[in-house]
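Next come two complexes, and both contain chain A; in the first it sits with chain B, in the second with chain C.
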Partner chain A sequence: MTQVTRVVVTDLKRTQIVMYAGASGDYNPLHTDEPYATEIAGNPTVMAHGMLTMGLAGRVLTDWFGHENILRYRARFKAPVWPGDTLTVTANVTSMAEGRAEIALVAVNAAGTAVLTGTATALVTGETE
Partner chain B sequence: MTDLHALAAKVAAEGEGPRLPAASPVDQTMIRHWTEAIGDANPRYRGQDAIAPPAMIQVWSMYGLDRASARRIRVPLDDLLDALTEAGYTGVVATNCEHTYHRHVVPGDELTSATRLTDLAGPKKTALGDGYFVTWNVTWYAQDEPVAEMIFRLLKFRPREKRSPSEERKPYPLRPAQNRDTAFFWEGARSGELRIQKCGDCGELRHPPGPLCPSCRSTERTYAVAAGTGVVYSYVVHHNPPVPGRETPFVVAVVELPEGVRIVGNVVDCAAAEVEIGMPVRVAYHVMDDELTLPMWTPVQHRES
Partner chain C sequence: MALNRDFLGRAYASSVPYEVSRVKIKEFAAAIGDTNPIYRDREAAVAAGHPDVVAPPTFPIIFSLSGAGEALSDPEFGLNFAMVVHGEQRFSYQRPIYAGDQLICTSTISEIRSVGRNEFLTVKSDITTVGGEQVCTTYNVIVERGGAA
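Then we have the complex of A and B:
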């Protein structure tokens, strides 16, 4: 197995953004306050936390390689994620050496726009082959 | 704006700020809340031997709900972020996050975190406005053992000036294909003309526009301006799914023009139930936003016809 594709969230709800704000402690009004997000920040609506997208996409890594085996996880927030978005993550093993896998991953929305690109390094144990 | 860079140099020179203790030790309740918010039901995060999800590392050093006391805890980086805000770079958007995990974190770990500024780049022009990229590094420790590191980069930007009310109309979210073949049609709609493509050689009308005459294969093309009347040739009433920028139900019709071509458009200004095949209609130009005008069709009243 060298590639995994998975839908990590379908029709992202504002409620989930609020839940993530509470669970992470990040209450920035860009994520939690619609009038602030639209009238002051000038965004179309509240934006999902980048770290929420990173966490959602990270499940593909932890479920695949095992939680203890993720050594590094890098993400670029390429485009905003909004309520209603459905995100699909594709992760590819790009190289394997000395028991370590290098992984490239991308999360795209329903329009096919990459919202997050990233790389990761994972220890490969026998079970994850 | 060199004073911002001078401040950044000063902050960077301070290196790793004080190691601030997390509000509470790593615990199962916080892990449960975070994994439930993400929707991750993996059993590895539950029970006696639970571990914390790696991507959750930053959460352990967040301030919690007591915003007032949170503001009293300051690291040198805050001076730079505040200075950027005061200089008008009030917007903020995260651009990068890089985690390195030295070991997994488990309930009971008492973490501290230390932050150091690593880079200030700017001012740069970005799609959001002029701004500075600020990059910092956070290291989390359990006692003296570093357990994880994070490089975080965000853009502090000066939001664009508010536009005048006439410019504030939101763009209509659905854009038709506008290209060399179709540009004349959309230009016509903006100027109140229903333009139909016409072969430059044999003169045949065709719609939708294309690069080649289907009759004589000529690539020469021009257009004719249609009278703007027609009859409903066929139609559907769209109820679902929702369409951005539209209220449902709406009617999508194929309208047959007296010029001999058929054209797709919405029938408006009447209830969906009143639309019927053969109904005479007249074109009406609906300005959707500053760039887009859509030809739509309204019923021709019987007393007019």
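Then we have the complex of A and C:
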């Protein structure tokens, strides 16, 4: 198996963004306060934390390779994620050497826009198939 | 306003250790919708070969900026939080984080560069146990839009 595609969230709820604010301690009002997000920041609505998307996408890596085998995980935040978004992550093994897989991943919204691109390195054990 | 380059290379250690709890890990796993039992159930984690409940890979975000928080909000530094977006995040893991770990985070303002009208700020954080064991290294890249204009 060299590629995995999975929907990591369907119809993202505002409640989940609030849960992430509480769990992470990131209370920037851009993420939770509709009047601030729209009237002061000028956004269409509240924006999900980039780290929420990185967390959602990370599950694809840990389910595939095993948590303890993830050596490195990097993400770039390319476009905002909004309530109602459905995100699909595709992860590919781009190279394999000395028992380590190099992985590229991308998270796209329903319109096909990449909201996150990332890379990771994972130890590959005999159980990773 | 451009960021104050005098802050480059300054390091800030968390004043008290961050104590990783099972409850916080469970809360974090729920927030990212991850039902893996090693994040929720001690027996499942032990059965999988871990000493205790494991923290998800992005869990260190909770405390990785804590040491530098004071510096970033120092008026002398010149960071306008209303214009800040998270550009990039990196984690390198030396070992998983477990419930019960007592972690010290030392954050260094490692890079400040202007790209067009924006300022790119990189904060590197070294996370160790109170015993000095290396656990994780994180890089937060923060973009201040219009900061270099």
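Simple rule for what comes next: the second predicted complex is superposed on the first by the 129 of 129 C-alpha atoms of A that agree within 3 Å, B and C clash if a C-alpha of one lies under 4 Å from a C-alpha of the other, contacts with A are read in each partner's own complex, and residues count from 1 in each chain.
Just so it is clear, contacts are C-beta pairs under 8 Å (C-beta built on N, C-alpha and C of every residue); 3 or more make two chains touch, one makes a residue touch a chain.
Nothing here was measured: the structure is a model prediction, and the numbers come from that model.
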* To do: Check whether A:Gln3 is in contact with chain B, with chain C, with both or with neither, and answer first, second, both or neither.
  => neither
* To do: Would you check which partner chain A:Thr125 touches, where first means chain B only, second means chain C only, and both and neither mean what they say?
  => neither
* To do: Please indicate which partner A:Arg72 is in contact with in the superposed arrangement: first for chain B, second for chain C, both, or neither.
  => both
* Touch check for A:Gly42: first (chain B), second (chain C), both, or neither? -> first
* Touching partner for A:Thr94 - first (chain B), second (chain C), both, neither -> neither
* Structure fact -> chain A residues contacting chain B in one complex and chain C in the other 9, 16, 19-20, 22-26, 28, 41, 50-52, 54-56, 58-59, 62-63, 67-68, 70-77
* chain A residues touching chain C - in the complex, by the definition given at the top -> 8-9, 16, 19-20, 22-26, 28, 40-41, 49-52, 54-56, 58-59, 61-63, 67-68, 70-77
* **Complex contacts: residues of chain B adjacent to chain A** => 30, 33-34, 36-40, 42, 44-45, 51, 53-56, 58-59, 62-65, 67, 91-101, 104, 159-160
* **Interfacial residue positions of chain A with respect to chain B in the complex** => 9, 16, 19-20, 22-28, 30, 41-42, 50-52, 54-56, 58-59, 62-63, 67-68, 70-77, 80
* **In the complex, chain C residues that touch chain A** => 24, 27-28, 30-34, 36, 38, 49-50, 54, 56-58, 61-62, 81-82, 85-93, 96
